[in-house]
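Have a look at this one.
For reference, chains read A, B, C and D in written order, and residue numbers begin at 1 within each chain.
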Amino acid sequence: MIRLLYFAWVRERIGKAEEALALEHPASLRQILDRLRTVSAGHAAALADPSRLRAAINQDFAGFDAIVHPGDEVALFPPVTGG
Amino acid sequence: MIRLLYFAWVRERIGKAEEALALEHPASLRQILDRLRTVSAGHAAALADPSRLRAAINQDFAGFDAIVHPGDEVALFPPVTGG
Amino acid sequence: MPGQTLFEARVQPQPFDLAAEHTRLAALGPMVGAIVSFVGQVRDTPLTLEHYPGMAERQMQAVLDEARARWPLLGAIAVHRHGSLAVGEPIVLVLTASSHRAAAFQAAEFLMDWLKTKAPFWKQAGGEWIAAKGDDDTAADRWGDR
Amino acid sequence: MPGQTLFEARVQPQPFDLAAEHTRLAALGPMVGAIVSFVGQVRDTPLTLEHYPGMAERQMQAVLDEARARWPLLGAIAVHRHGSLAVGEPIVLVLTASSHRAAAFQAAEFLMDWLKTKAPFWKQAGGEWIAAKGDDDTAADRWGDR
């Protein structure tokens, strides 16, 4: 199991701020995205273009080749615009 | 006549903060310094080394070749150390 | 107390108090010669700021640690607001204290550049999410990696 | 009132109020997006600051005008104290306001560099006059002449 968090328009398109995903073996973030796109039309729309997305694993920025382990907190969001 | 103002160690060595000097015709700051050095031992000591001095005419920085006119306010002081 | 240091990152909905934060750095001791502050405030149009609780504080603290490793700082404070903000309201505060002005200025500018690209906040204006600016990446990149 | 600008140089013996001066710039209108402040404070040893009344204000104003010509500023304030100052007391305040952070940062750093080399103040510590630092000329020179 991993915890997924969504922010900004990713959250809006998916229609929820967080959810759980079953995960028994380590997988790349890219593989997680592939699975998530099949969950709903909202997921597919939000996650269609990885170049518009950024990700964090356990609250640190991560590339899409990074490996997610069971128990991790994974966040998906647009490029940040704070400051 | 010109008004002379002294600051910091220039003031201390000369022993006064200001004085008047007779001036009927325009003269360079360098010529004014030459005259002032003859006024007293304190003047001579304070003004001995122009490379350690800075000057202003009418409250604007001026080089020693600048021309002083009767009625001007001339200030002599060390390089500034504010801020 | 003299000789202390102070490095603090906070995320909060309420306004911050520039003078109070400044006083905390000014009081760090007789080595403090220069304090630089930056305040960003809402320009032109009201904003709503969303953030990632936990990661926001964590990444802001990491940026402070990075600044501390690069410059001889005695202290630094970063405060970022979230929620709905009207035009003219302050969004972000950065303060740096050092013995020397160049370090305080450079560290403050570095902190702002890196916060803009590394702190997980997202601005919404008029119902639209504001896109990230390439300018901000360029500004952040000039400091290089370590 | 929106759309105003504010450029002010002052010399005074008494402390300044960072928050009050900041508020004056923050209130200049909806174009203000970034406010940078610099406070210099007495480090290590008490100081006495002598200045050239009249010329000090005049040169500080000239430095503000120069910054205004170089960067898109909405406002800038420079306050320099004179007289006897204990360790930890503030000496000099510079504040800049702009729509953009880079302009506010650069102008504030420029103002400090130029004030240090162009404002007629002289520091005395322990009965000795502090010598001008070549570093300060170098810092000022990097901005070039116009």
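What we mean here is this: contacts are C-beta pairs under 8 Å (C-beta built on N, C-alpha and C of every residue); 3 or more make two chains touch, one makes a residue touch a chain.
Remember, predicted model here, so these are calculated numbers, not experimental data.
**Student:** Within the chain touch network, how many edges lie on the shortest path between subunit A and subunit C?
**Tutor:** 1
**Student:** Give the label of the chain whose average Cα location is farthest from that of subunit D.
**Tutor:** If we average the C-alpha coordinates per chain, A ends up farthest from subunit D.
**Student:** Can you compute the centre-to-centre distance for subunit C and subunit D, using the mean CA position of each chain? Integer Å is fine.
**Tutor:** 22
**Student:** Please report how many Å separate the Cα centroid of subunit A from that of subunit B, as a whole number.
**Tutor:** About 73 Å separates the centre of subunit A from that of subunit B.
**Student:** In whole angstrom, how far does the Cα centroid of subunit A sit from the Cα centroid of subunit D?
**Tutor:** 48
**Student:** Find the geometric centre of each of subunit B and subunit D from their Cα atoms only, then give the gap between the two centres in Å, rounded to an integer.
**Tutor:** Inter-chain centre distance comes to 27 Å.
**Student:** Where does subunit D touch two or more other chains at once, residue-wise?
**Tutor:** Residues 40, 112.
**Student:** Listing for subunit B: what residues touch at least two other chains?
**Tutor:** Residues of subunit B touching two or more partner chains: there are none.
**Student:** According to the definition of touch, which chains form touching pairs?
**Tutor:** A-C, B-D, C-D
**Student:** Given the complex with subunit B, which residues does subunit D contribute to the contact?
**Tutor:** Interface residues on subunit D, with respect to subunit B: 40, 49-52, 54-55, 58-59, 80, 91-92, 112, 115-124, 129-133, 136.
**Student:** Across the complex, what residues on subunit D touch subunit C?
**Tutor:** 18-19, 22, 26-27, 30-44, 87-88, 90, 99, 101-102, 104-105, 108-109, 112, 139
**Student:** Help me check something: in the complex, which residues belonging to subunit B touch subunit D?
**Tutor:** Touching subunit D: residues 5, 7-9, 56, 59-61, 75, 77-83 of subunit B.
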